[in-house]
Amino acid sequence: MKVDLNSDLGESFGRYKLGLDEEVMKYITSANVACGWHAGDPLVMRKTVKLAKENNVQVGAHPGYPDLMGFGRRFMTLTREEARNYILYQIGALYAFTKAEGLILQHVKPHGALYNALVKDEELARGVLEGIADFDKRLIFVGLSTSKPLEMAEDMGLKVAHEVFADRAYNPDGTLVSRRLKGAVIHDKELIAERVISMVKDGGVKAINGEWVELKADTICVHGDNPKALEITAYIRKRLEEEGVKIVPIKEIVR
Amino acid sequence: MKVDLNSDLGESFGRYKLGLDEEVMKYITSANVACGWHAGDPLVMRKTVKLAKENNVQVGAHPGYPDLMGFGRRFMTLTREEARNYILYQIGALYAFTKAEGLILQHVKPHGALYNALVKDEELARGVLEGIADFDKRLIFVGLSTSKPLEMAEDMGLKVAHEVFADRAYNPDGTLVSRRLKGAVIHDKELIAERVISMVKDGGVKAINGEWVELKADTICVHGDNPKALEITAYIRKRLEEEGVKIVPIKEIVR
Amino acid sequence: MKVDLNSDLGESFGRYKLGLDEEVMKYITSANVACGWHAGDPLVMRKTVKLAKENNVQVGAHPGYPDLMGFGRRFMTLTREEARNYILYQIGALYAFTKAEGLILQHVKPHGALYNALVKDEELARGVLEGIADFDKRLIFVGLSTSKPLEMAEDMGLKVAHEVFADRAYNPDGTLVSRRLKGAVIHDKELIAERVISMVKDGGVKAINGEWVELKADTICVHGDNPKALEITAYIRKRLEEEGVKIVPIKEIVR
Amino acid sequence: MKVDLNSDLGESFGRYKLGLDEEVMKYITSANVACGWHAGDPLVMRKTVKLAKENNVQVGAHPGYPDLMGFGRRFMTLTREEARNYILYQIGALYAFTKAEGLILQHVKPHGALYNALVKDEELARGVLEGIADFDKRLIFVGLSTSKPLEMAEDMGLKVAHEVFADRAYNPDGTLVSRRLKGAVIHDKELIAERVISMVKDGGVKAINGEWVELKADTICVHGDNPKALEITAYIRKRLEEEGVKIVPIKEIVR
C-alpha cells in the first residue's frame, strides 16, 4: 500500500515570504511549485526547485489564474483556449527551472479557484488538460479524487493521480465542503490522521452528513504554512507509516 | 555568403494589437518572440509560434525586463541572479509553445533596454548568459555585433550570432547611436540596403562620424510594425539576394 | 428633451494604442476614462483628461477588474469589500488627473464584465456603490437603464444616470443580449439611429423577440474605436439633434 | 524643540503580510502609506488609513516605481513626464482612502529607489515635484535632509520636510551610505538614540569617516517590520521625550 504526500510550495513573491518550505519538504514526496501567476517569482521558483532536489522531492507545476492580488483564489471566466495556453505558459516556465537543476517535471496540479472550477466546467477542464498534453503526455495530472476531469484526462492519454485532502470535510458527492461553511476545515490532528488512513486503506471517508464517500487516494494534500500545519503533516506521515503505508512520489504510484 | 533576417514579433497583448506579424513573417528567417514580460501573452505566443511554423521561420525567445508599461525599453537595475532566473523563466515559457507546435527553439535575443544594458554591464551579461546556458547550451545567443557579451558567451560554450541593425546609425565603437540623437534612425530605403550589403559583404559600415566600423553580420534586425517598415524589409531581402547573399536561418550560419 | 452621449476612452496602455479618442471627443458630452486596471496608464489618463478639457467634455471614472490581459471583460468573483475598495482606488487615481487639469469629476461607470456583473449580484453592486459614496456622494453613478443597482444607488443618496446602448439588442427584461448570440450587435446606421430616437423620445425600444422594453435614456453609450463606429456616432448625434433632442452632459440631465 | 517620527506602512499585498503596522502606529506621528505600485493594495490601504486614524497618526502617500516584484528597490529610468504622472496617480489613489475616512492627506514621501534617485537626477526630481504640485500645493514633500530636491520643492512653492534616518550611516555629503557597504546600517539601540538626538538638537551627526555632517531633522524615519525594530523605535521616542523634544506630526513643524 502506497501513497504520495503533496504540498503547495514556492508561494513567496519578491520581498514577501510565505510558507515554511524548508521544513515541509522533509515530510512530503511531491512539491507543487507556483509558477509566478498567482504566487511565486523566478528567484523563488529556482530556490524551491533546488530545495526539492536536495530533499529528493519530486517537482510538479502548480499553475493558477493570473491574479496575484487574489492569490489565485478568485474564480475568473476563461475560455478553453485561454486556459490551454495559460497552463502551457506556466508549465514551460517551471520546466525551465527543473531542467536547469537536472530534474524531471513529474506532475501538474492546478491551483486554488482554478482547481475547483475544473470540476464543474468541462470546457475549462478540457483547456487545462490540452495545455498539459501539449507540453508532454507523460506529465501526471493531479485532480480532485473521483472527479470528472481525471476521467477526461485518461481518455486523452494522460496519466492521473486522485488527490484527497487531509484536513477538509467532504460532501457526499466527493466535492469539498466550501471553506465558507462551518466544519469545512478539520483541525484535530488525531481525526485528520484517522480520516487519511481511512481514505488510503478503506477507499473512502465519512462525508459531512455521515454518509460514506468512496474516494481514491493516490496523493494526499498536506500543508506547511505554519508550525501547527507542519506538526499535522509530520503526524500524518508517521501514522501512515505505522499502518504500513509506504510514502512514495506519485510517479511510483501512477504508471 | 549567407545571412539571417530576424524580427521582433508577438508583441501584441490581450486586446492590444501591435505589428504586422503575418506580413513580416514572409521575409524573415528568424522570429524573436516576446515572452509575456515586456509584451506578448500566452495566446499571442501560441499564435506567433504557429505563424512561424507555417512560414518555416525559426523561433527564438525574446525575453525582456518585467515592464509591460514601458515595453521593456526602460533600464532597470537587476542583480546577476535576477537576470539569470528572469531569462530562464521566459525561455521556458516560450519553449512550451515551440514544444507544443513541434518546433526546436533556435535562439535567445534579449529585448530593448536589457539588450543594450548587457553590452555595458558584465555582471548583468553573465546573469543573462547563465540563464540561457541553464536551459540549453545549444541555444544561440544573439547579441550586438562584436560586443563583449558575445565573447563571454563563447567562453561559456554557447553558440553566438552577431547582430547588425539595418536602419540604425553606429558609433565608431560599434554601439548604436542613441535614439534620442539626430540621425540615429535611417529612413532612406536605398541607403539602408547599401549599408546592409556593406555590413554583410565588406564586414563593416560607416559610423555616424564617417569612420569605418568593423562588424560581423550573422543576422540583420528588420522591422514589420508598419507598412513602410515592411516595404524596407522586403527591399533589403531583394537587394541582398540580388547580391548573391543567401537568406538562411541563424542555425545554418552559426554552427 | 435632452440626452448625454458617453464613450469609453483612454484605453491605450504604454506603447499600445486603442481608440480614436481625438475624433470621438468631438461628438460626445461625457468621457468614461479607464483607470489603469483593465486599460489605461497614468500618461494616457493625463492625455485623455486634457483632451476632454479641450473639447469641453465631462469626465467620469471607468473602473474595472484588475485584469489588463483580459481587458476587464472576464468575470471575477470579488467580495463586497474588494469591490468597494477597488472602485475607491480607481476613482481616486482618476480624480488626481481631473484635479490637476482643473476639472470636476462628473460620474462613475463600471467597465465591461464588472458593469454586467453588478446587475445580477446585489452584494457586488453594494460594494461598488459604497466605493463611489465613500469618495463623494455628488458623483453620478451610470448603470444599465432600469436595472436594480440604479435603484440601490438612489436609496443610498447617490445621483444616477440610466444608460442605454445604441448598437446593442435588448432582451425583454431590459438586459443586453449576450455578444455571443446572433443579432446581439446592430450594425445598420439607420436602424441604430431609429432605435436611439425611440429610446430617448418614446422611453423604450423593441426587444430581440419583438416585445416592447421600457427604458429610461439619460445617456447613450457610443463608440469611437474605428472609423465605422465614429461615423455611426456622428450620425446618431446628427439625427438626435434633428429630432430636437439636446445633447448635454449627464450633470445637466441628472440633478 | 519638535520632531516628527515617520514610518513606511501598508506594505502588505493580497495574502502577503509585511510589517507590524498595528504596533508601530503607537510610536509614530506620520505614516507613509504604500499606494499599490511597489507594495500595498486597496484593502491594505483602507485598513492602514483606518489604523492611522484610530491612532491619531497623520497620513502621507508613499509612491514608488511600478515594480512589485522588486519592492520598488530597483532603479528604473523614468522620464520627467512619467515620474510626474506616476506620482499623481498614486497620490490620487491614496487620497481616496483618506477622503473616505475623513482625513486630510499630509505629505508625500517617495519610496525606495525612487527616493534615492531623486537626489541625483534633477529631471526626475522635477517630475516628482510637479506630480505633487499638480495634486495640491499644500502637500508637504518629504525628502533626504539638505538634498537638492527640497530646495527645488520650495522654489516651486511646496512645503518641505527634511528627513533623517535613525539607523543609517551618512556620507560626509549628507547622502546615506549604500546598504551594500559595511557599517551602512546601525544596530545598536543606544548609538541610534544618541545619533538621533544629535541630529535633532545639534543639527548634525558624525559621518562614517568621522567628519561632521550638518543635517536638518524635521522628521525621523523609523521602522516597525520586526520586534527588534519596534523596540528601537519605542526607545528613540522615549529618549527624545526625555531630552525635552516634542514628538508631533510634520504639519506642526513645517508651516
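Residue numbering begins at 1 within each chain, and the chains themselves are lettered A, B, C and D in the order written.
The rule we apply is simple: a contact is a pair of C-beta atoms (placed from the backbone, for glycine too) under 8 Å apart; a residue touches a chain by one contact, two chains touch by 3 or more.
Because the structure is predicted, anything quoted here is derived from the model rather than measured.
*Asks:* Look at interface C-D and say which pair in A-D, A-B or A-C is its repeat, using the rule that over half of the contact pairs are identical by residue number.
*Replies:* A-B
*Asks:* Is the number of contacting C-beta pairs greater for B-C or for A-B?
*Replies:* Between the two chain pairs, A-B has more contacting C-beta pairs.
*Asks:* In whole angstrom, what separates the CA-based centres of subunit B and subunit C?
*Replies:* Inter-chain centre distance comes to 42 Å.
*Asks:* Counting in whole Å, what is the centre-to-centre distance of subunit A and subunit B, each centre being its mean C-alpha position?
*Replies:* Here the centre of subunit B sits 39 Å away from the centre of subunit A.
*Asks:* Counting only residues that touch at least two other chains, what does the list for subunit B look like?
*Replies:* 69-70, 82
*Asks:* Give every residue of subunit B touching subunit D within the complex, in rising order.
*Replies:* Per the touch definition, subunit B meets subunit D at residues 66-67, 69-70, 74-78, 82, 113.
*Asks:* Hey, which residues of subunit B end up touching subunit A in the complex?
*Replies:* Listed in rising order, the residues are 36, 42-43, 45-46, 81-82, 85-86, 88-97, 99-100, 134-136.
*Asks:* Under the stated contact criterion, what part of subunit A meets subunit D in this complex?
*Replies:* Residues of subunit A touching subunit D: 13-16, 18, 39, 41, 68-71.
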